[in-house]
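We just call them A, B, C, D and E in the order they show up, numbering each chain from 1.
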């Protein structure tokens, strides 16, 4: 049942969370994740694809680096996740959520305030995209520290390219701001991705509305139901994002700067807008179903009415033909030479009167 | 799909907000906006159409001016927007919302309290109007400072004329009050604009109700659905205004005076009233659909019933005619001279008895 | 569209509120309002009909008067309203609401705490009544000061008579209490007025339920819809009263004494009770519609079933008659003397067997 | 309309509340209430039926008495109510609610904290019971003081007997606790009374579900509607009890001891449980209606289908019989000796083919 | 009516709560409960099946034991419950809830802060499982003290085995934590148990969706209704768990450590996820019902349409056959030798034209 927003992978009775040393033992196919590290400050940028992860984590970041963004594409490389989890001291529960990748969007704050873990915001979001006409969504896990952002995604996301371009652009607002602004920008891309998707569904709805007027193909109703389910799924994925961003706005956290908070308000407005559009489209889809149903039922009623009218006009005529087929010996009309033409005239008259009556009562 | 309240123009991956120096690069047709500046105090008023914007912003406002209202008609003149944004130090996010002009009504407070920006309230509202029988709405963006109001609208709004008249009228309450009262008056005009629109839909609903009684034109149902969708759209546009005004009432802001707040309460009442009327009309529209449906189905049932009754009356008669058309050699009735008249008599009798039974059972 | 609870009279662009000197210029037919002034204290009562309003407002109230109640019947006498508004320093927004008389029930508190206006509670309520079988409601505006109550209503309300009697009754609780208790008593009368109205609709619903069992008159469905709409309107009028009284209970205001607050809690209970009864009756009305619909559809199904059964029984018989009407030269049965009676016997047998089958399957 | 939860007895314009000296003047039939007074402490119990009420109220309670419970059966004995109201200083509004006995469950706290009245909790609850298969409910009014409980009910409630037994049982928790625990125990009995009533409706629903499978009696649908209305009424009566108990839990009141509060939490759980069960049963009742409706409509469709199939099979055969009944002079088939048997064979063939087609298409 | 989530066992009038010395008198079949006691600390574990309960409770726990978990399988052994209740000083209300075992999930905190009882959290939860294709649920009662956990369940739960394994595993997080972590782990197992159950219902829904496309068996609709009711029951059971865990998260309690609280947040996320999936599946079930209904009605309409078309085509032909069966003496056509073939040609032509018309109108 693919329409459930988030799938079901937990096995009851397993321990909650995944410890750092347990990660490497997880039974997954060993494929290397592609890891990119970007360091930047207003004056300088450095982008490196990392092949030797152990070597990388042993070096300190350059002094000029204000923000370091490590982006991991692929969640099956347990070794890479283990190394990064140990280096950045990630919480076992967060690692579990990151690997299982079927979480609903949420935000958790771990550590900070003198606890054993460093202050980290762990944000789970889901990016929507359309592949082969089917709506898909993938989990994106973002760890935000004071000047580090870690992102984990199932596959290389083309959307990140826009962010890299803005980091490369000297003087861009993104480059001049801190790590929380980078995290905001990533969420912003994820949310803005919904607008073209909604446009796709808007076109799809218009197309279906046109088809309904033309014919009554049972495939259409499946199409509308699919449209409605997809919109529901968008709603299901975006709705918890509202909670995430509103919690970022409401609760002050040491990793989020005031400058970023202003922009989060803007992001919140976009989320509300997407939810409202989704709501509107779902109502339009419901209207489409109603339209389809009533067009079907109208057509059927129309057919039955016309057929019954035809039947009704012929019933008295058939009776009349039956009457003059009777074999009574004394049957005065049968003898008359004008009887047969008169029969046809009467038939014509009866049919005409009935049609006129039906017309007058607006039955035809 | 034009029924979505707010359209979809964001491209994913673009940077949030629009910096002042980016504005002029935006790819829009270069048409000049018409800009009006009104300065007033209880004693004096000055209205000027501004053609040389750079010259204008370099001069200080006259000392006597208590409130300055700059009204910009047309959102395509990026140069004008850039000059004003720089002069009044508008926030990049607000500029983006202002230019994209597809925002839902909202209120944002920028700056104040020692931040880099001056205290500004940025209010987005939408004015409803009816053009060629179709409901339209345009965004109106209002910036409210301590003694300045900036309004940006897509086209010259005739509704502003009423405000200008009241500013011109010596001793009017508007003239004697501060900038926040002007902002309130603008919102008040926008909200009051809904009353004649609702009256239009009230007339439309009555008209449709009358037409339904007369005939069952499938066009009618489209008309009712359109009515319902328009009312939903009014609701969608006005509902966030409730939030805007309630937030103005609730959160004290340095730009809103206490005198204005009393009037905002009145505005809030009007919004609630409009929302309730919209709700009522939508229920009436739903009732119209129900009425139409049940009138259709009643008519169809009535037709089928009458036709089936006619058929049923003739069925035994046709059988009887068939009987006396049989060719049995020994067929006593056929020989009798009274047989044929008797047949007609029996037919009449059977039909009569059936009609009486149907009448008695209230089937006819 | 008379079913909207509150009508639409605002013209967009007009200034909010009505100043005292604007009142007299309002274009209404000049008919004199009837004004009654009642002064009372536990020991003494004085009731006067006021014809010379200017003279009246120039005199101070007698020293013994604890509460003064000025009741104005008729909202078209702008002169009277102007004089009283000036004397009692009423707020322009309140005067506007009072004159337009299409407000939903609400409460506004003006002035007090050293502002330019004196402390005033402005309460708008609506009294429901039934005229010629149609539900009507009129606005009643109540201004409550420290020891003065002003009421404005469109016409002389017979319900006030009960209040006057209780003021006249020496030792009554009303007489011994302050102005806020008088305001409470007025609201109490307005709310209690709903109980007989709800009883009227209870009777109406029972009547309709009986009629539905008897016959299927399309007028009935209109009657039920009207019932439902009227109940909705009662709900719409009473619902905001809940908010009004709950706000009186919640927010302490200098004009409301603690003694009165205990009674307001009782009033609140009555409002909740009315809202619940209205809700119950609306559900009953919905059930009535369902019952009507299913009784219609049952009857129709019953008819169609019986008619089709009749048709079905005769169809094989007609076929049989057709068979023996054929003109084959070699047709053994036709020659037999017992053939014709046998035909009737077979017809009877076939019909009997079909009826028995239909009976057995519970189709008849 | 007996399905409204609470009836309508208020006359508009009457004074709110009933003063102690007004009680005796109320126009009710003079029947003596039966009054029982129970004094108890952990060590001792005394139960007395009171016939001389004046005498009784003049004596002080025995010193050993920790809790005094005065239970009044019958609300028509205005004298008794007057005497007790004076003795225990009951609030006029509470007396009015007590006598009118059509209140929805509620809680009012009067007096305490140095006011003219002593601290009293006035709790109105309603006990549900089934008489002759019809759901009834009666008001029970409970006044709770520091060590006194007064209960007023319309008739002697058998449920109180359980409480008396527990008071009589030495060492019972009820006996060892204070007055608020007695009040809690009374409410607990009232709520627990709902469980057997819900069991009754559970049985009733199962019974109706079985009957629906058997036949389509229109009486059934009335039965289900009655079931649904009764469950709604239980909900209406219990729902405000939730508010009452939650308010007792939330707001600390001097008459409620901490020990009792723990037990009130348990009572609250029971109320939630009853509300949930009611909700479940109402959904089951709705399902029953759906089932009934769809069983009716299935049966009807089945009938129509079979009858139409029969008709359709015979229509071509009748046509064929008609053909060979034609009187054309040149009609080769008629002359053949095998023609008549061939006709029957063709008829049989046509019918068989049609039945096979219908079978193949799963129409039969 | 087995679909109610929680059954009805309270007898009205019985005393609330069950005292320790009352337990043994309860009339239940005397079957021995199986009791297991597990003591553990990071370094050591000891598991013992307890047969001599009295002996057991008289010994102190070993000094090294950090957490003691006593698990009681079977609620009919009143003696065991009495002994443990006395030993661990359980509250009478909690014992009542524990024995009746029909509670909805809830949390109660007893004692602590110097009261007569020790600080205890009493958590009622329900575990869902599927036996013979039917959804079942059993109550699990958990008492949590500072370093003791008591669990009572109706039968030996296989799910506990996972917990025991993790306790046995040296260095597991469970073994290194305190009693509240054990309580959390138990709740976690109970919640995670839902995931395979939801998967079962996902498969069931897909299966039903496939069957609907194939045929219209009335059994299907029962299956879908059962699916919907089961999902509702899961929702009913899990929904209050949300409240339980959210209350554990919100209100700090001395028995819950901070380390555990982080994990409870994770548990809360799982509960929300289950509730959302349940919601999704219920919508899918509703869609299934709609699909079934419309597939039924489509099939019926299709049948009626085809049959009526067949009837309609033959009606004019039968009339024509009737015409030429008439016995008029002067009947020119009858004499012609080409008349009979012409009749068949006309019949064929009429049928063809009608079929073409029906095709053109898309009726066939």
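One rule holds in what follows: contacts are C-beta pairs under 8 Å (C-beta built on N, C-alpha and C of every residue); 3 or more make two chains touch, one makes a residue touch a chain.
Because the structure is predicted, anything quoted here is derived from the model rather than measured.
K.L.:
Chains in contact with chain D and with chain E: which ones?
P.N.:
none
K.L.:
Hey, what chains does chain B share as contacts with chain D?
P.N.:
Touches both chain B and chain D: C.
K.L.:
Using Cα averages as centroids, what's the distance between chain A and chain B in whole Å?
P.N.:
The answer is 27 Å.
K.L.:
Could you please state the distance in Å, as a whole number, between where the Cα atoms of chain C are centred and where those of chain E are centred?
P.N.:
44
K.L.:
Where in chain A do residues touch at least two different other chains?
P.N.:
304, 308, 311, 315, 318, 322, 325-327, 331
K.L.:
Over in the complex, which chain E residues touch chain D? Could you list them?
P.N.:
It comes out as residues 1, 3-6, 8-17, 19, 91-93, 97, 103-104, 106, 108, 110, 215, 218, 221, 225, 232, 236, 293, 296, 300, 303-304, 307-308, 310-311, 314-315, 317-318, 321-322, 324-327, 331, 333-337, 339-340, 343.
K.L.:
What residues on chain B touch chain C, complex-wise?
P.N.:
For chain B paired with chain C, touching residues are 159, 161-163, 166, 172-174, 185, 188-189, 192-193, 195-196, 198-199, 202, 205-206, 262-263, 265-267, 269-270, 272-273, 276-277, 280-281, 283-284, 287, 294, 298, 301, 304-305, 308-309, 311-312, 315-316, 318-319, 322-323, 325-332, 361-363.
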